[in-house]
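In this document, chain identifiers A, B, C and D correspond to the written order of the chains, with residue numbering beginning at 1 in each.
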């Protein structure tokens, strides 16, 4: 029997031996990986964007101009990301995009750009699919959605504030347009093309006037989540009964362009948190 | 009424006007994005890895050393990715990792590295969660998993073959180790620590002998999917009845280190496909 | 005296102690350097270009359309670079530019892009100034000239051949233009503006015809160094008397676009040299 | 004759026509150049280092531990660079290295890293060779020297101050070592190896004591240029007689680690200059 075994072993051996030898022979390919550490002492933004979300929202019959369930699902996924990554100090979301801001001094994954970008993106995507049914109880997810992400560095506090202001100004402009566009269609009976033509070349004041004079809508009274998007902040709160402190992630829908927000939440830009 | 309106308008106007002005004022932050086009005429590998999958497989009670459902779910997610991205010519998966190889001449997202890496990673993650229930019918997904990804360039056909060989040799070595390790525990009654000590310093031949003499297991007879991992290839096949041709994605579990595989599937390395 | 000394020492000590402490306190700034290794297994081109050489050649009254001394000085500087860097297998120069091609497998400076690019550029510049007087005996160098450089990777032999062909085709086109342009001025008595207008929109055939019919110049008979630029190759030659072999750097002025050159000098693309 | 010509032309034509076609056919290789813009709003440091300067200083018999002519030549080359590049606000040199600091808001070469790094390096090298004879009148330059350069970004004023402090602390430590080392040899009669052994493991205080007790040298009285290196600053001065203002580049040899220097020269960190 021993002889049989040893013959067998010889037969078994070869491919395995080969593969171990092979592994070290092939391992040189690892040296083709390029290190991608990002510059120290800069704010790191990871911004996530939905891929083909125009089609995705059509297929899933999202309400227009805003589907509150879709926005809440985005927020839920972002809260999941923010609770996992301790060094995210503020996040901002609107429509099908979300920005995560990591502290200047973060050492997350040794500041390797690809790692930071892909893990955050992956966990966001994963959470979006995982929590879908909590927000769209009656609506089945028809296919797996996807998001891309990019990483951008901002050297100063002013730069990171301007970045967030840029996204919130973008939210404001898009939402005023979309609100007027869909009102013209849903209440004014216009076709998509007609609504587009009506809005072509108009200023904010014109859109406000259309909403107010033609439809009696005061844009200022629209929900803040639509006009301002969602800011996620980490806050330590005291439990009303137990008196114990714990960290929570708070969604806010307020202006972050002015100084007031930053005065009230000075810990965001404070390095020692 | 006109007066009331115009007062109101003044009130409404200010923030909106500000935000439009603001947007262009803030837009300079876009210039901080760094272009990341990858070198032309190189094979592009995107490799995805599970994050904390040791814990994930414990929590979800994956069978050891291999859970066929988990592997099939990985394959399903990879097939979804491969059917979306036409320029992926071969994929290879094992354990909680998957490699996607894009053609040297792909112009996908204008060869922007971040876009390629994050979309593929996101769609893979999304599909993993989306199709979970098809493979783990009785087992609820307890929390959203995540994957990281990296992008690596290989200039020559030899390099890309060596890359894939490296991953398959790795699969072989790990699977032999895991098979022996879990046999010692499940059939030999050893603890994890004892099994680890038993295998410390052993060669492939030693592990084969342990399996064969102590447990009557011929490693060569183990399932190919465990020993070789999964290769995904696009093939045009003819429908047996209709005679129509269509493309399918075929999972293979065979050796890709030797020349035979590449002779039989020469279209993988062929640029004009 | 000891007391005096020790007081003095205390006085001396402080700044020094501070500076040593300081050094380690400041050393963190080193971590801001970003690694810039270039992809393995690619041809590396470093191309050098003269800065403001139009003005430089005017100030130094270079002969038009070509100043043989200036070209020979460029070649001399390039030969100096090539003899220092063993892994440069071919160089090509024309006008105020030079390209150096490093072997795919070079490990020079551990393939750090900045190091490779700046050392080659610096040695070239240095040599240009150092050897100036050998070529412009009667003409003083009026101010220090400068060159920029860039680094470009080419994955395949075809790519690197096409790169060199691109530069030689560029040389050909520019030289035909310049030869005709300066002939119109020097022999035809046209002003710069008139010559420019005369050549506007002309094809190669038109320029040839102008040279031949108007001035009796057959462009084909122009010096090869002007029409083809300079190729530098390393060759092992045998000393006619001693019979000893040694390496020399040969300047050639011939076509490298066709296959003949590459067949005759197959060692350039041969990795094992 | 016309016939002869047209035959000739046909003969001439082919290669030229080919080369023009060829050029556009080959031009795709330009797309392999990778854009390398550096992050906006960061201080840019270009640091130049001599290559093999130990050997270079031996061959040219530089005085030890410091050769004032060599340092002045370095300063001259740096002044040339600084007068050419308007956006360099401060430079710092010691031994065979020089650092150039470009303003955070510079748009030089559209912030392309390679261009900035190679032009500065090239002009420095060129000037070093060009001005050699002004400082080493009796000593011929034996061969062309070379320098490498690197580019590093610093996001904040504190970072750039720490960078410069790091280099000055390095100057201090090296100069104390070298001064003691060469005193042991030149005045103490030790060999190089003996001097090295004597200094092994010593602190600054030990070196001061060796200089003072054994050789009567108070290190504090050494020339400031050796102990502090050279700072180059741009200053607007008024001509004593004409009263006209003009910019000059001032060499300073003083402490830049403390706050005093920055208070006195606040324009360096001031963006609007």
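Going forward, contacts are C-beta pairs under 8 Å (C-beta built on N, C-alpha and C of every residue); 3 or more make two chains touch, one makes a residue touch a chain.
Since this is a predicted model, take the numbers as computed values, not measurements.
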Rounded to the nearest 5 degrees, what is the angle of the rotation that puts chain A onto chain D, matching CA atoms?
180
Set B-D beside C-D; more C-beta pairs touch across C-D
Express in whole angstrom the distance between the two chain centres, defined as the mean CA positions of chain A and chain D.
45
On a C-alpha centroid basis, what's the spacing between chain C and chain D, in Å?
22
Mean-CA-position distance for chain D and chain B (Å):
48
Where chain D touches two or more other chains, by residue
32, 34, 39-41, 153-154, 159
Of all residues in chain C, which touch chain A in the complex?
31-32, 34-35, 37, 39-41
Within their complex, chain B touches chain C through residues 39-42, 153-156, 159
Would you mind writing out the residues of chain B in touch with chain A in their complex?
5, 8-9, 11-13, 15-20, 22-23, 25-30, 32-34, 51, 80, 114-115, 117-119, 121-123, 125-131, 141, 143-154, 159, 162-163, 165-166, 168-170, 172-173, 176, 204-205, 208-209, 212-213, 218-220, 255, 257
